[in-house]
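After this come two complexes, each holding chain A, first together with chain B and then together with chain C.
Our next item is the complex of A and B:
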C-alpha cells in the first residue's frame, strides 16, 4: 500500500511537470495550429536566463523569475518571426522544419554561453529542498510548487481565453483566421503574441522545474516529448486536457515502472501518443468533431 | 688554411643538420623542425560535448604550458580538434580527417566509448599513435593494438572495483542501477560477468535514463528487494535523481559510483539535500575536487585560455592524459618517429602523474592505469580519498 501511495503521489507531481510543458504547446497550437518543436528549448532558455540572473548576477529570486519569463517571451516572439511568419507561405511542414532549426540554434547558443560551467547547472528551489511528510509518505516540496503552478497557469489561461479581449481574439483567430481578419483583427500580431505567451509559460516552467530537472542545453527535448504526449492525450486544443493528460501520463509512467519494470518507464509516453492517435485522435477533452489540419 | 677548413666543416655539419631536420619533417607526418601537430577527436557539440570539448581544453592548456617552456626537444605542440558528435560515423570521419587531411603525428582523444571503438580499425590501419583520454570501453585496448594506449580506467576495471568495494564493506545484497545506452552497457555487461564469476546474485537490476527526472519507482523497487549496496552505472543527473528520491522514501543504501560521477560537490549540489552523499563513494581519475588548491595552476591557466570555463574533472582528465603523452614524446627523443614514440611507451613504468591517483605503467601493457581509487564527500563539499581496492 505504501508503494502504491508513493507511486500515485509521484505520478501526480511528475504529471504536473508534463502538464506545465503541455500547456505551452497547447496555447500555440490552439491559435496557430502549429506544434512548436522548439518548445522544449524555450523551457531551457527560461531556466538558463533565471540561472544567469539569480546565480551569476545575484539578482533576487522574484525579479530573476520575471526577467526569465520576459526573456522567454521575447525569444518566443523571435521564434514566431523567424520560424513561423517568414516560412508560413511554404506550408506547415516548412514551419515545423523551421521550429526544429530554432531548437538546434537555441541549444547551440546555450552550449556556447553556459557550456563550460559544468555538465549540469543547478538552480536553487523556491522552497526548501528537503522532502515534506504527508501522512505516511514524503514529497519533495518543489514538486508541490510545480503542481500548484500548473493549476495556477491552467486557471489563469482559462480566465485569459474566456474573459479577456486578447484571449477572445486569439480564439477567434484560431477558429477562423479569415473571418477574424474581416472583423479587423491583426492576426499577424495575435500569432506573434501567442508564440510569446506560449514561450513565457515554457520559461516559467523552466524556472520552477529546473531545481528538479537540472539545467543543461538538452534538458528540453525529453520534456517536450512528454509534454507533447500529455497534450495529445488531453486534446491538443484543450487547456484542462493538457493538465489531465499530464497527470495521467505521470501516473501511467510511475505505475508501469513501479509494478512492471523501470525499463518501460520512458516507453509509456510514446505508447500513449500512439494509442491516443489511433483511438482518441482528438484527445480526452479535445473537440469532438474531427478537423482536417 | 686551418680556419678555412674549420669553416667548411662547420658549414657541412650545419647543412647536414638542416638536411636531416628537413628529411625528418618530410618523413614523419605532423612533425617539423619547430612543431608537432597532434590531433584530437570527441564531441565538441551535442548533449555530451563536455566529455570531448572540456577534455580537449585540458589538453590544450597543458600543451600551452609546455610550449611556454620551449616545447618538447624544441618543438611546440599544436592541437588540431575534430568534432565526432559522439557518433561512430563521426569518429571514423574525424580520424580520417586528422590522419589524411591534417596529417597529424598522433592523436590524443576519444571521449565517447562506442564511437572510439568504431574508429579503432581506422586508427590501426593508419598506424597513427593514439592515446585515449576519456573513453572507457575495454575493446579500445583489448585485445591490444600496437599503436593504441589508454590512461583512462576501462569499464571492466571500474565495474569489478565497484563490486569489490561493496563486498569489502560487508554488503550482502548487491543491486545494479544502469543506463542501458552504449556507455552503460559497456559497464553493465562486464559487471554481470563479474557477478557470475564470483557466484553472486543481483538482487535488483533497474534501469535509468540519461534524462531521468524522477527515480521514485526505481528506489521503491530497490528498497523492496532489500538491496544494501547499489552499483550505480549512470551519469550524474540519473544518480542525483535516484539518490534524492531514495532519501525521499527513507532508503539509504551504500551507493557505489564510477568515474562518470566523480565531481561529488557538483553531485551534492544537484541533489540539494544536506548530507545526501553520506553513503556514497565513487571511482575517480582525479583524486580531489577541481576547486582544491592543488589545481590552482590549472584553474588559472584554463581561465586565461577559456574564460567561460570553470575547471572541471573533464579538463583535468585532459591535462592528465596530456602529461603522460608529453612524457612519452620526451622519452622518444629528438629524432621523433611514430615507431620511436610507440616504443617509448615501454619506458613509462610507475610514472607518478600530477593528476592520476595511482602510478601509470605502460610497460608491457596498453591499459596504463590500473589503479581504481575511491573518493567520498565530507561536510557536503570536501572531497576526500576513501581508499582503494585490490581486484580479485
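Our next item is the complex of A and C:
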C-alpha cells in the first residue's frame, strides 16, 4: 500500500508535467492540424535559456523563467515562419518533414553552445532538495513545484482561451479558418502566434522540469514522445484531454515501473501512441463519431 | 557518343558504378570504406524512396528496420554460429517481415498519424535493442565476426566491398525496373489518391504491404552488409538521426525518383564524412537541408537536372504542387463533424 501510494503520487506529478508538454502540442495541432515535431526541442531550448540566465548570468529565478519563455516564444514564431508558412503549399507531410528538420537544427545549435560542458547540465532546484513527508508518502519538493506550476499554466491557458481576445481569435481560427478570415481576422498572424504560444508552454515546461530531468541537447525528443502519447491518448484536439492523457500516462508509467520492471517505464509511451492511434483514433476526449486520421 | 547521351542519367549511373568498381585499385582503406558506405546508403535511400517517394507513406521507421537487419544478421552469427552467407539473407528477410507488419497500421493511418506511429515504433525498437541485454548486448554494442571469403581468393576488405557493389547494382536495377512496371505505377496511384487508386482496381492492402515489404527488404539488406562492413554495431547507429540522414538523402535527390535516391545518397555521404568530427554541425546541416529543400524545391535536385540536361530522361513521378494532404483547407470549411468527401470514405 505504501508503494502504491508513492507510485500514485509520483505518477500524478510526472503526469502533470507530461500534460504540460502535451498542451503545447494540442494548442498547435488544434488550429493548424500539424504536429510540431520540433516541440521537444523548444522545450529543451527553454530549459537551456533558463540555465544560461539563472546559472551562468545569475539573474533571479522569476525573470529567468520569463526570459526563457519569451525566448521559446520567439523560436516558436521562427519555426512557424520557416517550417509551416512557406512549406504548407506543398502539403502537410512536407510541413512535418520540415519541422523535424528544424528540430535537428535546434538540437545542433544547442549542442554547439551548451553541449561542450560535460554534456549534462544540472539545473539547481528552486526549492530545498529535501523530500517532503505527507502521512507516509514522500514527495520531492521540486515535483510539487512542478505540479503547482503545471496547474497554474493550465488555468492560465484556460483563462487565456476563454477571456482574452487573442485566445478567442485562436479558437475562432481553429474551428473555422474561412469564417475567421471573413470576420476580419488575419489568420496567418494567428497561426504564427499559435505556434508561439505552443512554444512558450513548452519553454515554461522546460524551465520547470529541468531540475528533475537534467539538461542535455537530446532531452527534447524523449519528452516530446511522452507528450505526444499524452496528447494522442487525450484525442489531440482537446485541452482537457491532454491533461487527462498526461495524468494517465504518468500513472501508467509509474505503475509499470513499480510492479513490472523499471525499464518498462520508457516503453509505455511508445505502446500508448501505437495502440491509441490504431484502436482509439479519436482519443479519450476527442471528437466523437468522426474519423480524422 | 553524342553529348546528349553523355549527360544522361544512364551514363551518370554507369560512371558512378564504374568508378566505384575500379575504386579499390587506387584507394586507401578509408576511401574504400567511404565508397562502401556510399553504396549502403544508396540501398537505404532507394528503399526509403520506394516507400515515401513512390507510395507516399510518410514512415519514420527506416533506420529501425535497418537496425533490425543489422542486428538480425549479426546476432544469428554470434548466438547461433551461422555463417554470414546464411545469416545475411535471413536478417534481411526478418527486417522485411517486421517492416511489412507496419503496413497494417498504415492501412488505417495516413499522413501525420502514420508518421507518429512509425516514430513510436522506431523508438520502441531502440528500446528493445538497448534493454534486451541477454540477446542484444545492450547499449555498448558488440563485435560481429567478419564474413568468410575463404572460398574465393580475395582479401577481406575487397570481398565485402565487391559484395556490396554487386548487391547495390542488383537492387538498383531491380528498383529501376519495378518502379516502371505496373507495381511502381500502382504505388504512385496510391500516393496521389487512395480512393482513385481503389476504383482502378488497386488493392490498397496488397500494394501498401508490398511497398513496406520492398522498402524494408532494402533497409534490411543494407543493415546486413553494414554489420559485416564495420564489424561492430551498437543501437545508437540506428537512432532518429540516422532516419534524418536517409530522409535528407531522398529529399535532396528527389522524392519519387530512382536516380534521385542515388544522387542524394552519394552527395550526402560525402558531406557526412566531411563533417564526421562535428556532430552538432552535422545535425544543423542535415536539418537545414531538409528545411531548405522543403521550402524551395520539395522535389529535389532531379528537377534541375531534368530541366538543364536534355539527355536526362527519367519518368519522374513528382508530387504535384498540392500535396495529397492539401484537403486541409477544404476540411476546415466543412461544418464541424463533416469531413471532405475524399476523407469520409
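Operating definition for what follows: the second predicted complex is superposed on the first by the 289 of 293 C-alpha atoms of A that agree within 3 Å, B and C clash if a C-alpha of one lies under 4 Å from a C-alpha of the other, contacts with A are read in each partner's own complex, and residues count from 1 in each chain.
FYI, a contact is a pair of C-beta atoms (placed from the backbone, for glycine too) under 8 Å apart; a residue touches a chain by one contact, two chains touch by 3 or more.
The shown structure was predicted, so the numbers you read here are calculated from the model rather than taken from an experiment.
K.L.:
Overlaying on chain A: chain B and chain C, fit or clash?
P.N.:
clash
K.L.:
Which partner chains sit in contact with A:144 here, chain B, chain C, both or neither? Use first/second/both/neither.
P.N.:
Neither partner.
K.L.:
When the two structures are overlaid on chain A, which partner does A:131 contact: first (chain B), second (chain C), both, or neither?
P.N.:
Only chain B; A:131 stays clear of chain C.
K.L.:
Thinking of the overlay built on chain A, is A:115 touched by chain B (first), by chain C (second), by both, or by neither?
P.N.:
both
K.L.:
Decide which partner touches more residues of chain A, taking chain B and chain C as the two options.
P.N.:
On the superposition, C touches more of the residues of chain A.
K.L.:
Of the two partner chains, chain B (first) and chain C (second), which one does A:89 touch, if any: first, second, both, or neither?
P.N.:
Only chain C; A:89 stays clear of chain B.
K.L.:
Which partner does A:277 reach: the first (chain B), the second (chain C), both, or neither?
P.N.:
It touches chain C, and chain B stays clear.
K.L.:
Does the superposition put A:266 against chain B (first), chain C (second), both, or neither?
P.N.:
both
K.L.:
Regarding the shared-chain residue A:254, is it in contact with chain B (first), chain C (second), both, or neither?
P.N.:
Only chain B; A:254 stays clear of chain C.
K.L.:
Could you say whether A:175 touches chain B, chain C, both of them, or neither, answering first, second, both or neither?
P.N.:
Second partner only, chain C.
K.L.:
Could you pull out which residues of chain A sit against chain B in one structure and against chain C in the other?
P.N.:
Common interface on chain A, chain B vs chain C: 108, 111, 115, 217, 221, 263, 266.
K.L.:
What part of chain A is in contact with chain B in the complex they form?
P.N.:
Within the complex, chain A contacts chain B at residues 3, 6-7, 10, 14, 17, 108, 111, 113, 115-120, 122, 124-125, 129-131, 137-140, 211-214, 216-219, 221-223, 253-254, 257-258, 261-263, 265-266.
K.L.:
Enumerate the contact residues on chain C facing chain A in the complex.
P.N.:
That would be residues 56, 58, 105, 108-113, 115-117, 119-121, 123-124, 127, 131, 240-241, 244, 247-248, 251, 279-291, 294-295, 298, 319, 321-326, 328-329, 331-333, 336-339 of chain C.
K.L.:
Touching chain A in the complex: which residues of chain B?
P.N.:
Against chain A, chain B makes touches at 45, 47, 49-50, 53-54, 57, 180, 206-209, 211, 213-214, 216-218, 220-221, 224, 235-237, 240, 244-245, 247-250, 263, 266, 269-274, 306, 308-310, 312, 314.
K.L.:
Which of the residues in chain A end up touching chain C in this complex?
P.N.:
Touch list, chain A to chain C: 33-35, 82-83, 86-87, 89-98, 100-109, 111-112, 115, 175-178, 217, 221, 225, 228-229, 232, 263, 266-267, 269-271, 273-274, 277-278, 281, 287, 289-293.
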